[in-house]
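As C-alpha cells, here come the structures.
First chain A sits with chain B, and in the next complex the same chain sits with chain C.
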Partner chain A sequence: GDSWGIFTFLCAALCNLPALPALNCTEELGAGQSIQKTYDLTRYLEHQLRTLAGTYLNYLGPPFNEPDFNPPRLARAERVPSATVDLDLWRGLTDNARLAANYRAYSRLLCYLRALDGQAGTAELRHRLGHFCSSLQGLVLSIAGVMSSLGYPLPAGPAGPPMPSGTPVAPNDFLKKMDDFWLLKELQTWLWRSAKDFNRLKKKVPPAVVTLRLEARGF
Partner chain B sequence: DSHTQYERVGADVTMKCGSMDWDAAVTWTANGTDIDESHLNGSYLILKNVDLTQSGQYSCYEGSSWHLKYQTCLRVGTPPKEPVLMCRSNNYPKGFYCSWHLPTPTYIPNSFNISVIHGTREMVCEKDAFPKNRCHVRYLQLFSTVKYKVTLTVTNALGKNSTTLTFDEVAIVKPDPPESVVAKPVPNNPRRLEVSWQNPSSWPDPESFPLKFFLRYRPLILDQWQHVELSDGTSHTITDAYAGKEYIIQVAAKDNDIGTWSDWSVAVHATPWTEEPKHLTTEAQITETTSASTSSFMPPPTTKICDKGAVVGSGAVAVCWTAGLVLAAYGVLFI
Partner chain C sequence: IIYKFLLPPPYLSAADPAVISPQDPTLLIGSSLVATCTVSPDFHLKAEDLYWTLNGRRLPAASYAALGPTTLSVALAHLNGSKQQSGDNLVCHSRDGGILAGSCLYVGLPPEKPVNITCWSKNMKDLTCKWAPGTEGETFLHTNYTLKYKLRWYGRDNTCQEYHTAGPYSCHIPKDLALFTPYEIWVEASNRLGVAVSDVVMLDILDVVTTDPPSDVHVSRVGDLEDQLSVRWSSPPALKDFLFQAKYQIQYRVEDSSEWKVVDDVGNQTSCRLAGLRPGTVYFVQVRCNPFGIYGSKKAGIWSDWSNPTAASTPRSERAAGGCDPKGGEQNTTLRRELKQFFGWVKKHAYGCSNLGIKLYDQWRVWLQKSHKTRNQV
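This part shows the complex of A and B:
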C-alpha cells in the first residue's frame, strides 16, 4: 500500500547519511503506540538539548551564553520555522495539520543543525551535535510513521537535502552566531510545543481506530 | 489653606508660617498641642532629625489675633526600596499573573506602575481587584521564543525604585496545589490507604495540558517521607502503610512537560483500617452468664492481654482471639 511505499522511500532517501535509521521498514506500529513513542522522543530530545545548548552557547561565548540574553529578532532569522502560534489556532488544528507542521519544522531544523556540524569547536562538541542530529532524524522518521499509519500524505518537499540554495551566508561572525542562537532557541521551543501537540494526538487517536483504517486499506 | 508635606526620616524640616515675616509673632501647634518656643527660629518652625512620631497636623496662628495663618499635614517616611516582584503562570496556557510588595514600609502613599514587554510589543497587565498588588496578562500566542520582560516601578513623594524580571513563557508555569485531597482506609486491609484528589480549579485545560502528581506520606511518628510520582490519574492506593498508625499525606502537581512543581496541598490525615476485637466481647458475655448460673470457679474475663494499646498488628489480635476462645471453652465445660 501507500504507507509501505512511503516507508521505503524514506529509508532510501536517508540511508546515504552516516547514521542509518534503526526503523524496521516492515514494522506496522499501531498509531497509538507510535504517537506515544514520538512523544517520548520529543521529551528525550528536549532533555538532550538542554545539555547540548549549554555547551554550544558557551562555545559561542558571551553574550550568547548569558541567561538574560534577549536579543530582538532579525529578519534573516525568520527562515527558521517558528513554533509560535495563536492559541485558538493551535487548538483548532486538525490532526493532519498538527503532524504536518511538526514534520516540516523538524525536517528543516535538522538541515540547519547539520550545517553546524562541521564548524563547531571541539571534537566532543561535534560528536554531541552528531548524536543529537541522529536522534532528531529519528524523530522526523517517527512523525512520518505516525502520519502514514493514519493515512496522511507527507508534506511535499524533501526532508533530507541541504539548505535551499540562495540562502545568504551570514556577513559576519557575530551574525552567524546570532543565527546559531536562534536556531537552538527555536529547536527548544518546538520540542516544548511538540510535547503538547503529541499529548493532544494521544488523546484523540485510540489504537482501535487505526486497526480499522489499516484493514480498510487492505493490510 | 492647607496641604500635605512629605519629608524623609532623619531630615531637618523648616516650616514657614505662610506669608508671615520672619520676625512676626506666631504660635505653632502640632495636632492641637502648642509647640515650645525653643523649636522656633523667628516665625519658622524647625524640626531636626524628624522621626515617624512627628507626623501630624501642624498649624501656625498669628500671635495676638489667633488667626490661622498656615496649616500643613506633615508625613514622615522613606523613599521606596527595591520592590519584590514575582510572576507565575498557574493557569497555562491562558496567561500569567505578577504580584509585588515592598520589602519595608515607606509610611507614605506609594504608587505602582507595571510594564510587560514581549519582543517589540507592550502587553496589558490588567490589575486585579483583589489582592491589590497583582495584575494578570493574557497570552496572545503560545510557544514563544521571545522572552517576557516585566518592569515594576514604585514611586512616592520621596523617590522611586524599580525591578525587572525576564523569563521564558514556559519557565514560570507552576500550577496551584491539587484540591479536595481525601484519604480513606480500605476495609479489611490494614496496610492500605486510598488517596484521591482533584486538579486545581485554576488549571483551565487538563485535557490538552495534563498534570502529573507527586504524593508524599509518612506516619506521624516518623520524620521520613515516602514519595510516589504519578503520571496520570487522580487517585492512588498506598499499600505499605504501617498498620494502625496515623498517616499524614500531601499531593503536589506539575504540568507534564514544563515548569515547576506546585506547593504541597493541604495535609490530610488517615489511619489504615484495623480490626475491632468484637468477638472477644461476645465470648466474655457468654462466660459471664455461665459463671453466674453455675459456679464461681470461672475467672472473671480479663481484657488485660487485649488492651487497645497492645493491639499492634494482626498477631496480637490472634492472641486475643485465642484467649477469648479458651475462656469460652472453660465456661462451656462448667455448665
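This part shows the complex of A and C:
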C-alpha cells in the first residue's frame, strides 16, 4: 500500500546518506516478523510436546509416566544440551549468542528425537513423533532465518558441534528409557526458555522499524 | 555415607551405581524369575538398604533375599504378559527412593502364523498384500512382520520394503513384477520369543488385477421423467493399455438413507439408465469397474474402488396431491408413472399407435371420475 511506498522512500533516503551504514530495511522488517513467527512456533511446539510426551511416557510405562518421577541424571546424559543457565549469564547473552544457542540446541535435539526407536511403539506414536520432528525442523529453519536476516552466521555444521565420539549409545534398555525421558524433559525446558529468548529478541528489534505506520496518502 | 539423589548436582559419577542381572531378559508368560541387584562398592550401600519396584509398584520384602553384603535378590513368580511393549520396568532402589539400576522385562508369547494373505495388483504394475496376525489375543511383545515373495521355479527370495500402505498388516511391492509365472508369497512374524511363518500363497499377477474406478461419472435427468436418472462414465484410462474388457457395477442410494441399491448387469457399456426412482429426490451414485478377460481369459479380476459419489435429483412431480382421488391414490400415481414409461417406450419402438400417450390416459381418468359422479348422482 501507500505506507509501504513511504517506508521504502525513507529507507532509500537513509541508505543514500554516506555517513550511515547501509541499512537493508526490508530485511529488518523481515527479522521482526521472523522473530514473532519463531516465538509462535515455540509455543505451538510446547503444546504439541505435551501430548507427545504423555503418549511416549505411557509407552515407556511406570514409573516413567508418573508425575513425580525424578531419576538421577547420569553424566552420560550430557550429550543433550541443557537449557538450564545462570540468570545473569542468560540476561547478558548477545542476540547472536542467544540465537546460536537455540539453533545448536534444537539441531541436536532434532537428531536425537529422530533416532528414537522407529520400530517400536504403536503406529499412532510413530506418527506423532514424525509430525513433531517435522515441526521441530521448521523451528530450526525459522531460527536460521532470523539469524540470516539479522546478518549473523549460522553455527558451523547442520547439527552444531559434532557429537563427542566417546558418547555411547545406552548400554541397556532401561538406561535407554532414562535417556528418552531426559530428552523429552530437556526439550520441554528448551521450549520454555526459547519463548523467553524470543520475547526478549522481539523487544530488541528497533521499534521504529517494526511499528512504522504512515497514514499519509497519495505519495 | 549414603548418596542422596534428591539434591543437585544433577550428575552422578560415570560408574553405574548398581548392576541388575539379568539385564533386559525375555521370558515366556507364566515363567518365574530371580533377579539380583549388586551395588557398586563406591556407593557404600548394603543389601538391607535396597528395595525393588516393578512398574512403579513396590515388591513385597518377603520376596527378597540378601545374597551377599551388597547384593539383594527378588523372586518373581508366574509373570503376566508385559504391561507395555517397551518392557516391564524392574527397578532397584536405595532406601530413600533413588534409582540405582533398572532392567526391562519382556514377558509374552511367541507369534502365531499370520493368516488370510490377500493380494491385488493395480493395473498389473504393482502388488499389494495384506494379512492378519495369527494371534487372536496379544503376544505382549512387539512383533515384526516381513512379507517375502519369489517366483515359482526361480531361486531368489525377495523381501517387501514398503509396509503399512493398506492398513497395519500390509505391504506394497511397487515394481519388477513378472507376469505369466506364479509367485509364492508368505509372511514371517517375529518377536523376541520366536518366529512364525505363514502358509505359502501361490498366485499369478494376472488373476488379481484391479484398476482405477471409472472417471468422469455424470448423473443427469432424463428429460422430465421423474423416476429416472441417466448415468454416464468413462472407462479407466489404464485399461486402454491392456487387452482388458471391463464390467461395471453401479450402486445408488437416496440422500438420507444408508441402504445402497446395486445394479449388477451393466456389462461393458459406459452408460446406464436408472429407473423406478422417487421423484424430487436427491440420489448418490457410484460406479466401479472390474477388468475382465485379461489377455483373453474368462476370469474376472478384482473390483476397483467405487468412484466418488455423484449426486443428482429427480424432477419433482408437478401434480398436486390428493383431492378427489379415492383411497388408492398412491397406487394410481405409481401406475400412472409406469404407464408413462410404457408409452414412451411404445413411441420409440412401436410404429403407429402414435396417439397412444399418457395424455390419453389422463383424459380417460377425468372421464372416469365424471361418469362416476354422474352415476352416483343418479
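We take it that the second predicted complex is superposed on the first by the 164 of 219 C-alpha atoms of A that agree within 3 Å, B and C clash if a C-alpha of one lies under 4 Å from a C-alpha of the other, contacts with A are read in each partner's own complex, and residues count from 1 in each chain.
The rule is simple: a residue touches a chain if its C-beta (ideal position, glycine included) is under 8 Å from a C-beta of that chain, and two chains touch if they have at least 3 such contacts.
These numbers were taken from a predicted model, which means no experiment stands behind them.
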Between chain B and chain C, whom does A:A123 touch in the aligned arrangement: first, second, both, or neither? second
Based on the superposed arrangement, let me know which partner A:F174 touches: chain B (first), chain C (second), both, or neither? second
Classify the contacts of A:D40 with the two partner chains as first (chain B alone), second (chain C alone), both, or neither. neither
Of the partners chain B and chain C, which touch A:A195 in the superposed model: first, second, both, neither? first
Which partner does A:V85 reach: the first (chain B), the second (chain C), both, or neither? first
Per the contact definition in the header, classify A:F64: touching chain B only (first), chain C only (second), both, or neither. second
Which parts of chain A are in contact with chain B and also with chain C? 70, 72-73
List of chain A residues in touch with chain B within their complex: 43, 46, 68, 70, 72-73, 82-87, 90-91, 182, 185-186, 188-190, 192-193, 195-196, 199-200, 203
What residues on chain C touch chain A, complex-wise? 5-6, 10-14, 16-17, 20, 23-24, 53, 55-57, 83-89, 91, 98-99, 101-104, 142, 144, 164, 168
Touching residues of chain B toward chain A in the complex: what are they? 93, 119-120, 139-147, 149, 166, 170, 207-210, 256-258
Going by the contact rule at the top, pick out the chain A residues touching chain C in the complex. 58-64, 66, 70-78, 119-121, 123, 172-175, 177-178
